[in-house]
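Both complexes below contain chain A, partnered by chain B and then by chain C.
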Partner chain A sequence: MRFARNGVMTAFPIFVVRRLAASLLVLVAISMILMGIIQFMPGDAVDMLLRGLSPDTVSAETREALRRDLGLDLPVWYQYWNWISGVVQGDFGSSYTFNVPVAPIIFARLKTSLILALPAIAVMVTFGIGLGVVAALKENSPLDASIQLMSLTAIAMPAFLVGSLFLYVFAVQLNWIPAAFNAVDLSRLDTLETIAFFFTALIFPCLTIAAETVAHVLRQTRASMIEEMKSNYVRAALLRGVPRGQVILGHVLRNSLLPAITVIAINVGYVLGGVIVVEFVFSYPGIGNLMLSAIQTRDVPIMLGTMFVISAGYVLANFVADILYSALNPRVRLT
Partner chain B sequence: MTRYNPISRRRFVACAGLALATTGVGNLILPRGARAQAVSRGGTITLSVPGPVSELDPHKVVSHESFPATFHMYSALTRIGHDFNAEPELAESWSTDDGGQTWTFKLFKNAKFHSGRPVTAEDVKFSLERVLDEKTSPRGFSAIGPIEGVTAKDRHTVVIRLSTTYVDLPIDLGGIYPRIVDRETIDKIATAPNGTGPFKLVKWEPTGNTVLEANKDYHIMGEDGRPLPYVDTVRIVPIKEPTSEFAALQSGAIDVMLQLPFDLISTAQGDSRLLVDATASGYHSLSLHQNPSFTLPNDNSELLKDKRVRQALALAINRPAILNLAISGFGTVGNDQPIPPTHVYGHAGLAPRKRNIDKAKQLLAEAGVQPGTRMILHTTTGRPGLMEHGLAVREMAKAIGLDIAIDAIDISRYWTDIEYRAPMYMDNWGARQTINASIKPFYETGGGNNCAGYSDPALDVVLNRAESEPDFKARKDLYNVAMEMISESAVTIIPYFKGFYIATNKSIGGVSAHPMTYMWLDRAYRKA
Partner chain C sequence: MDRLTGRQAFSFVLGSVLVSGFLLLAILGPWLTPYDVETMNYEHLKELPSAEFLLGTDRYGRDVLSRLILGTRTTMLIAVTSTALATVLGTTLGLASAFFGGRFDSVSMRLIDVLIAFPTLVFAMFVIGVLGSGIVNGIIVISLIFTPSIARVVRSAALGIVVLDYVDAARVRGERASYILFREVMPNLYPTVIVEASIRFGMAILVTSGLSFIGLGPPPPTPDWGTMASEGRSLMLSNPWPVFAPSLAIVLAVVAVNLVGDGARTLLVAKRSRVSGGSAG
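Then we have the complex of A and B:
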């Protein structure tokens, strides 16, 4: 297929529609896989409800009645159809544990996770790209070595350890931040106090997430920049007298960002996933924490709902990455 | 007519204190040191729990974290005191005419639901019948005594008929499930509870915080002559990670930690901002199942059906060492039966088995067990001490030639897939409210908590006789026999009894560790 110069521009909407359709197909496949995984899990919600009791304590009739109440006696495909047709309408079913609709719980937790995730993403993109560019431009300098050392340390230290250290120093020893987000009674705070609270409460969870993700983006950006800087076209431009700043900002950075965008997209998905460990350490009531609780209590509607929403976050991040890719490199639209 | 009170509170505390002293449990301290201070009113108390309040229906409640909400919103007829005696809650008195087969409970005449409607005997009848139905209370129906029928004699008198003489009924009626609910709003109970307890619901975020406020019309008075509770608000905050929970307590973000893990007890005791309270409560056991649901390949656990093999394993372990390894010594050494020496029914003459490798080897040889025989022990890291306990058993069993492999199972499926099912597994039990509830369901043939699938008709006879025996001394003798039989059988190897520890900020008074791990905050107050 051949495109005229303006043909590339007209192909963009088609590209977007194709990627969107592909993303939706991926989501449908994910939904089926999730339902399949749930079926392979040992035990079910009734077992959890009656945990701690000898299997002989409750009659088989009552067990069956409880299974019927939860719809667990239906064939798998029927359960899937009930669930996915509800999801399309925004109804994720009712929690086995809490006996209330799941959707408001999930979306409330998603909102809380986003309050943590968006600043973390901003830090990741800004510092990841910024430090990556600086490290590449100062390749093999002491500054580059320092940045590399920091990034390696950030990758090597597990989030659980970083979070616990922050908690111990700033919450227990210095009492600057709340040790558990949900322990603070927000209803007693005025607007300014609430803003101050969110700032102090979020800064360390945010930094804990950012520490690892910044390092990923930084290292990718640095590697791409160094590779691009050694390209023939860069050397040619510099030899022809194009200012170094113009070459870097106008050409090298733009091309270096392509692989970095992939890493950013993956890390955005990771951050949107609630960064379960960080939420766990800081008792942050996000969607990752909710998923963990649901797994422990075998609350299938919440498990399915949270996993689906997190998966959708990954798919969305990759969709946006594809679009950005095509904006930065129109040749991508032809594939 | 007799008012039944088999063991006085003073006598129990004396017994417990003596037992603690004589068994050398320096780490367990008797609670309630703060009661001397005058109470003050008002303010908020924040209680942390490991998970969210998941149910508001007290008859269906599953999780331990929900109890602080259901207990405070819904009163029962009685309350189980720290000494395991029944104390008045909705019933101001109770009596029996026939030695314990028919019980009459007199309700407080001024008790009301949170809606303002007075509580009647019909509400009690409705509530108890709802608990007795396994479909509406699948966990509760077998936990409230041998009730045959409930009658509302008049507006404030309830008569309960039992199928047999049972003197512990008033204690059982203070348990988790038999809470009195409003029959007129029962269809809204899952989200809009209307109870009779000292606190009423303000806010419940499923998976999040729960907020309760004082019920100003509560019918029980405080030390200052005004209705309990002392504080205006209770916040129940779920914090899953114990280290974060403890950090929140140290920083003052929370006031009371429902349960202090064993590895944080020493730190808490050394923190001048905190108070630690403790009581004996429950045990860890190694259950040797006599009729398991499954056996893994290369597992010779069926040999554990031979009493000599079980006894050999019980003789191979070093109990004080396991106590230290598993729970840092915060407990007392056990003797393979579930009643601790501090209990009023504790069997003073039943000494813990001492490690005896020669005797153990001899028993194994008599049973024809070859050196190197492999067995699989299932345990989990999901409860503090269970993994360490399992590893210690594995190492100690090497001395008698048993090759025990550890199968570590995630806690999310441990209670559903392993407990009651595996041939050999670690278990974690809290204290039960009565001596009967502590033994009978665990060892009676087909009992609701028979974790080793054990059956001994002779033991069943003793347990049934003990259950319906009204005389304390005769009853104690029967339970002593039962404990000896259980210890001898070694179907549950119980090397230690656990301590239960809570931690509070020093600014809080009136909170203490309850041996049932219950948490009552209606007498809690912020110190002036």
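Then we have the complex of A and C:
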């Protein structure tokens, strides 16, 4: 396909492959940066492994042997290579604290976290776009004003406050939900029970995560809808007598969704951060609490593994957004 | 330049007054606290608000109001310093990238792409987890996560300026790069930079209190809003004030900063403000 201004359109599959390669490169860079940051950790992993033992009971030879076992006597780039070649095969090393492979632990916790994160993302997309469209169509009405006020409040309220309020009302006062979610063993529940548990209890941590991101998405959707409605092509279509509903559905919505996609991708990052805070507030046994406890015990393989998996999720979200964006707006594929 | 409507002007003034109030509280804190913040008073544990303790006491019998006032200092110190640091670093990097272009630009922009690819709050937790918690490390981490996005915004704004004739003229005159960047280019970017810094300042307050809430803030007994809210959770049933008071302070501070930011954007940048702004309440 040829376009004006000498632009040549990249075919869609080629565009996808190119974005995929770029995302993989970003992942490699991320893994290097994480390994680089770990080098700034004060103290030595061996000291942490042996904490609680007095220095006299462990001979210098034992320490050296341990250091060799963990590969800590090797240069940084070699340690990095050992780690990343394992990661590629799904092996994230062994925990310093539990002395078992960390990959199964990380992925089990990831699954638990996704039970919160995926519905939160769904709420963000549907309510963010839905409320944004409603607010834009009813611009300056009392409905618009109250949606706007709610979104400003949601943006200013830190997730831990929203979560604490939910806990105060629904766990402490009404006793509807458990005060600590780690008391419930999710792996024992079957699908139906999990769904039931979600709607009776997990909905609150889920809404806590979604609140702020819904506000971001709705503000962007509202702003671009209103701007789009004032553009000349919309006025022309309306003046020609095209029904308002048709103009909105056929043109305005599609064009206003483009900036919303970018904002949604950025907000997946907020969801991932929100998941950690919310898991802490509700004592929910997800990947965030795993990372926090690894930080407290200085368990480097778990710290690296959880951080890498969470970052990979964010890279994936941005990749999907890029693809969707280019599908809706082929102009970005012009080179 | 654009003028503020009555309601926008009111919001802007209200926000400015509140922000100045918080900053004054941060500076004058130690002279305003009714009680010592670290003294544990075992005769007044977990008390509800009273004439003696206006916001009650926490589980160690420490005065919540005093800790709230001194906590302003910790939270604002981290938020203000990290925003300032990130603004200076980001602006310098963005300006230099736009001005020098070429390999310097592509290398620094690729680095920024990678740093932006981390989810912000999670990355902050990881880095704090490695370095250890504390005021200085908090400042380092928050400026680290904000610098890339500021650099990117400043770079794209500067790209439109560095090609102008008077910049070329300065180059031909043989001015030094630092002179051209900070005397010729920079004055055009103040609006962008100020608006960007105000957005980051509000986020910095939220990030720093989020970090201390999950236990990665300045170590106790340093009073700090996020830590206070976290510590108070165990008392919530009998006395919600140790949680609500610092949380409300955070909300109020963030709203105030955002009001100032919105006003500044309308006054300084003002291109789409009348379309997309229109803040309710």
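In the analysis below, the second predicted complex is superposed on the first by the 288 of 335 C-alpha atoms of A that agree within 3 Å, B and C clash if a C-alpha of one lies under 4 Å from a C-alpha of the other, contacts with A are read in each partner's own complex, and residues count from 1 in each chain.
Here, a contact is a pair of C-beta atoms (placed from the backbone, for glycine too) under 8 Å apart; a residue touches a chain by one contact, two chains touch by 3 or more.
The shown structure was predicted, so the numbers you read here are calculated from the model rather than taken from an experiment.
Applying the document's definition of touch, where does A:226 land relative to chain B and chain C: first, second, both, or neither?
Touch status of A:226: second partner only.
Per the contact definition in the header, classify A:213: touching chain B only (first), chain C only (second), both, or neither.
After superposition on chain A, A:213 lies in contact with neither partner.
Just chain B (first), just chain C (second), both, or neither: which does A:164 touch?
both
Does chain B (first) or chain C (second) touch A:256, or do both, or does neither?
In the superposition, A:256 contacts neither chain B nor chain C.
A:98 contacts which: chain B (first), chain C (second), both, neither?
first
Check the residue A:326 against both partner chains and state whether it touches chain B (first), chain C (second), both, or neither.
In the superposition, A:326 contacts neither chain B nor chain C.
Of the partners chain B and chain C, which touch A:272 in the superposed model: first, second, both, neither?
Once the two structures are laid over each other on A, A:272 reaches chain C alone.
Just to be sure I read the superposition right, which of the two partners does A:295 touch: chain B = first, chain C = second, or both, or neither?
Both partners.
I'd like to know which partner A:109 touches here: chain B for first, chain C for second, both or neither.
Only chain B is touched by A:109; chain C is not.
Shared contact residues on chain A for chain B and chain C?
On chain A, the overlap between the chain B and chain C contacts is residues 41-42, 164, 167-168, 172, 280, 292, 295-296.
Which positions of chain A touch chain C when the two form their complex?
Listed in rising order, the residues are 26, 29-30, 33-34, 37-38, 40-42, 140, 144-146, 148-149, 152-153, 155-161, 164, 167-168, 172, 222-224, 226-227, 230, 268-270, 272-274, 276-277, 280, 291-292, 294-296, 303, 307, 310-311, 314-315, 318.
Help me check something: in the complex, which residues belonging to chain A touch chain B?
Where chain A meets chain B, its residues are 41-43, 47-59, 62, 65-66, 95, 97-100, 105, 109, 164, 167-168, 171-172, 175, 178-180, 182-185, 280-283, 285, 289-290, 292-293, 295-298, 302.
Which positions of chain B touch chain A when the two form their complex?
44, 46, 48, 51-52, 54-55, 62-63, 134-135, 138-139, 142, 190-191, 206-209, 235, 237-241, 243-245, 247-248, 250-254, 293, 411-413, 415-417, 419-421, 446-451
Using the touch rule from the top, collect the residues of chain C that touch chain A in their complex.
These residues of chain C touch chain A: 113-115, 117-123, 125-132, 206, 209-210, 213-216, 226, 229-230, 233, 236-237, 240, 243, 247, 250-251, 254-255, 258, 272, 275-276, 278-281.
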